[in-house]
């Protein structure tokens, strides 16, 4: 999808432009002629996975109003090495200066998410196991961050509260039993959705399995606990997801323990902005 | 200001609600009665500086539509220790479940920014020096993140491209000399704004000083370099700001070197979400 | 969810108010005192399934600005008989007159969708088969119409292009084979989503089954064709959905043929507004 | 007017894109290369009056972001026969698939309204009488549906509560007499608006006439009743509008009875979506 | 209508809050405790016609977020003398300071329009003639300025391009003759709209009359010219509107000449903001 | 900045289009063929300073949807004499007619502000003194009006409540003393902002000076009073701003008295729309 077809992303871009530019740019307007032209390269200052070029292009198009040209050199999802030029913007020098910070703020975060996702995904690349994101995304950024997770080679969990069924203890308590809760969910949920049940101990795990869950989410268990439960789940064709404080140090242990899916909020909620600069030529 | 008076923040909250809730919540709608009530406590699971309660309250008000009550226990800017209850939401159990994730996503990031700002500020609390943020904020979040920086005890740099004059090499190149650039900026800029000039070496520093800059920004210099330049600036009543890769490890060295202001993009662009949970009572 | 928590619905309500009221109400402003009060009952003039009270309440709240009270008498999803009062609005007579048409336009359509869904659902209530909607909804109305379908006792298909995987001939052609397409989809799709494949003849049906589809969508087949394929699908635990020109006259035949799910665009795209009026008391 | 000049229509298009596309298109993204191209024809599968091409073009432009070309073959207001190609979209295959459903949802409804309006208008084409719409439009769609009514050869009643004066019993009750109500309305209403009064019996009709109404609206009267009143109105140069449960079966009787204008909510509130498909070439 | 029911007005208020407050209020936040309370009176510093209290109330409600109370003392449309308190706001001192400027900016302009309209209307109060506004309103302010014109005792012309038919020379040139143009307009225009034709000389006036115009607009004629044409128009029951450079000095001459309606863009496009202050008590 | 990069300006343009065009243009649609083309010149009918071409161009682009071409002949900030063609629009005659009024409404006000600012600025062009605007702008128009002030050769005061520190009596009262208030403000305010203090008599002036204000605002003082205070301020390097009822007649007296800055709300809140017309060629 082009960013122009996603009004939610356009709204975020408008918020970003509004907060940086909607009162003008005193320094540039005072000093740079509106006739001056320039060319700037977006350069990776460290090794990254590229993501967000559509957004940067849209920022430049809006700030430029027809007077800036944006061209891409490395596509989303591809690795750029230190020093690589990801994209180039050329045209009015003043308008480039005004588009610079917002473009970089988007790129640095989205490449940051993609790069971090890549790091996680590579840790378990040899296992039949996927690392997925969560709904712990930066408010306003869910679509973008989930795309960045895909760019990095990890996968997405459900997009929102309608994109999947995930039964937790509060839901079960409200209905009375796991089995009844699953029945209630199937009655409402679209038939294309599997039913996932979160469990925190073996008793709950057994209940979920016998009640017919399609997926069990093992929350805050050790790799050993996971390894002990996986065979029972697999025997019933039930998918096993694990979550809860899983780090780069421990992720492989969970893959080794047989989990099908490992979910981590850190993929999106605690991200270092990668270093990207806009270098003017000449 | 109440959040309700800031349309940009309201727009971000609407984007956040839209991306998580605008297609419904299949699991909860299928399992939790619309008559059931509950009370949930927002609990700090680690030591944090509180920030973002207005936003969380607004999220609960919108999702609740009059059926949720939000009460605060620890105000923005105050430290909460592990286990402290920051705020409480009560009313419809289903609506609390639907407001939970969005509320937490806002709180965890804003408290994260405030807590990190606090850590930076504490490092130099004994020096006549302030740590300030930059324009490297998360797009859509500038107002909120800058408020969080204040909550943490750090300060803000200019809000946007109109909130201050910051002359960089591209501007000087466009005009021809530092002196002429400062004249050009003063001609346009509101009289309440000081003129700041970024310099990367001693020659530029001298030029900026003799041209009448109000503030010099020493970019990517060592503490030793800074220390050698500060006396000359102070002699002219010029404020000294330093920036460029300053970390928690090095920040005190810059304060010791005599900088008046230390700016760091990391305050806002690379933040760990702090751990906050919503615990249902009984 | 309260309507206030769903910005997309709020936007539609604002569009509706804007198109009817944003230039004022010449007749009422010229003739009805702003001090006059009245009470009006929303009355079903035929037997209907109620839906949309939240929306009508929000319309009255916005037009009323604190001067109108809206109370409900029959909840969403419940049948109202001819003459039943569904809800009552009271307060400023002028404001009631200004809220009347927009409120009714929402209610008449949403109750119309719910009532029609109820008619379809009742036709097959004795079969282990569900009737579901499609993405053929009125642009701007998807959430509301899908909620109305639920109110009427039918079910929802995927909400949007991210809420489920539905592989059609164009997708298969792009990849080359059904099996490879399913693999490609599983690689990207969240693990909570089943894979559905649309087929138009027995050869495609067999391919889908052997390639591991979770759901097959039999498009434009006769009940007899469906009946011949159902056993093979069931043997593999594959869900069977049918679609294509299914009417109130033929729906039972498809349920009888063993389909698990029957989808119909007519549930939402071709609906008669039911007759509801606003009767002023006294 | 181009759709781009009508922010209300743009907002509706954005709602429509948002509800179908703002979380991505899992199936297509997983299976169709972003380099693949295709050409699709919008084909009438029954005889229709065309309407809505501007909207479909705008949908394709936004989803396409410069990578889709939309060309029209039959203009709005013209009849397309079964099998006729109304318009063609070509470019990225993935983007066409993503624009398909939203484009069709708009076209099917708007052509549906135009086609139904045409059917009504044709019934009385030989009489000096016009069929007009009402304010009973789909919320969010008023401009589009009223344009569709014009495309079908029927006419529009007032656009909104400011586009005409229509005095009903509640207004008269508030003021005290028909004559005083008309005076009050003329005092406020722009001088370019005629004064219309709704009457339900002969006594009210006589009052309206002697009080100087420009238009009388005969509500829920039989053709015979209408025929008996028309001469008195015509003698005074007063326009006669009739409304209330008028159907395709009875409309000609009212035209024959001498009504100048026949209004019908069904033109817009109860419409069958016509059958239009998007056929991929090759 | 309450302002809350008019999304266009709400949008303008949001723009106004956004441009003044969306980056915070440094001075007040640094100096005024969030616990301090105050009471401020909106005081007329000259004789004015009051208008805009709904807007000021909404501004205070949004900035206050529940912590400000707004009470009215003189209603819209009523004259306030120098020193009169129009309204009072009380609650958080900081929030009052933040709402002050935006509230006053709205009030000063709207009262300014109402007061100027009052001055114009009073000039011809003894004639059977109305002064009306035009579409020359401040972009974004049409509804508010037209309401202010009514508050001042003048009247409104058509709200927009759909609220009336006004045929000018370009339209006539496009069709070929006045008579044909009127026929074309009647064919499309809602039956509640009169047909107005603009004429600039006697020949055009005669053509418009014989072609059946309901209203003639005499553009840029002297009072003597108007006086010579009025009897011919009246003989046919045609309304006479005059426009073009009519000032407070000349308006009575046109009323005396027999015009029914005098339109003036100056009512809205060239207005002096009246002097209103917010005085803190004690 | 191009207008397309400023979402707040785009929103105002959308409000303007919405209020004039979103219900169509009955007269033009009925009479002018969609195939007819024309060329129209925007002509200054009096001597003006040009401002607002970007906005007019954007209006024409949106209404035109690709079918109108807008070309500029005199740039913003340049004087146009009576009869000069500022810009030209060509293309569909119907679309030009629909864009005409909104374009002119923007241009006439913005050129009006620029022209008035020019008149003020010229009065004191020979003094080392600047005339600046205030926050008394038309709600929704702040950016545009402040740009127009610059076009006219005057300067801007702070953009909003975050763009500068301006301490008034209410702030001082809240803190207790001028000195403490300045300390409090410096503690929060970005280091690039000067501290301005409003004073109304000599005692307050002395306090502000000794407390270290960077700028003093002398409110409602006579030129003689100003002249007596200026030397003391200059001796301390403090900037002197004056405000309060300064008119075209008195402005030079204040410049002569030695004020550095003269601020006037009238620059933006009480402006006469200049006369600009759109003349169709041939």
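When the chains are written out, they are named A, B, C, D, E and F in that same order, and each has its own residue count from 1.
The rule is short, and it goes like this: contacts are C-beta pairs under 8 Å (C-beta built on N, C-alpha and C of every residue); 3 or more make two chains touch, one makes a residue touch a chain.
This one's a predicted model, so the numbers in the text were calculated from it and none came from an experiment.
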Chain pair, C-E or A-C, that carries the greater number of C-beta contacts: A-C
Centroid-based (C-alpha) most distant chain relative to subunit B: D
Fraction-based call for subunit E against subunit D, same above half, different below: same
Length of the line joining the C-alpha centres of subunit A and subunit F, rounded to whole Å: 43
Whole-Å gap between the CA centroids of subunit B and subunit F: 31
Residues within subunit E bordering two or more other chains: 8, 15, 18-19, 21-25, 98, 143, 159-160, 162-166, 188, 190, 193
Interfacial residue positions of subunit C with respect to subunit B in the complex: 1-10, 143, 146-147, 159-160, 163
Sites on subunit E touched by subunit B in the complex: 14-15, 17-18, 21-25, 61-67, 95, 98-99
Complex contacts: residues of subunit A adjacent to subunit B: 8, 11-13, 15-16, 18-33, 36, 38, 93, 97-98, 101-102, 104-106, 108-109, 112, 135-143, 159-168, 170-172, 174-175, 181, 184-185, 187-190, 193, 265, 269-273, 280
Residues of subunit C that touch subunit A when the two form their complex: 130, 132, 150, 155-159, 162-166, 188, 190-194, 196, 214-215, 239, 241, 260-261
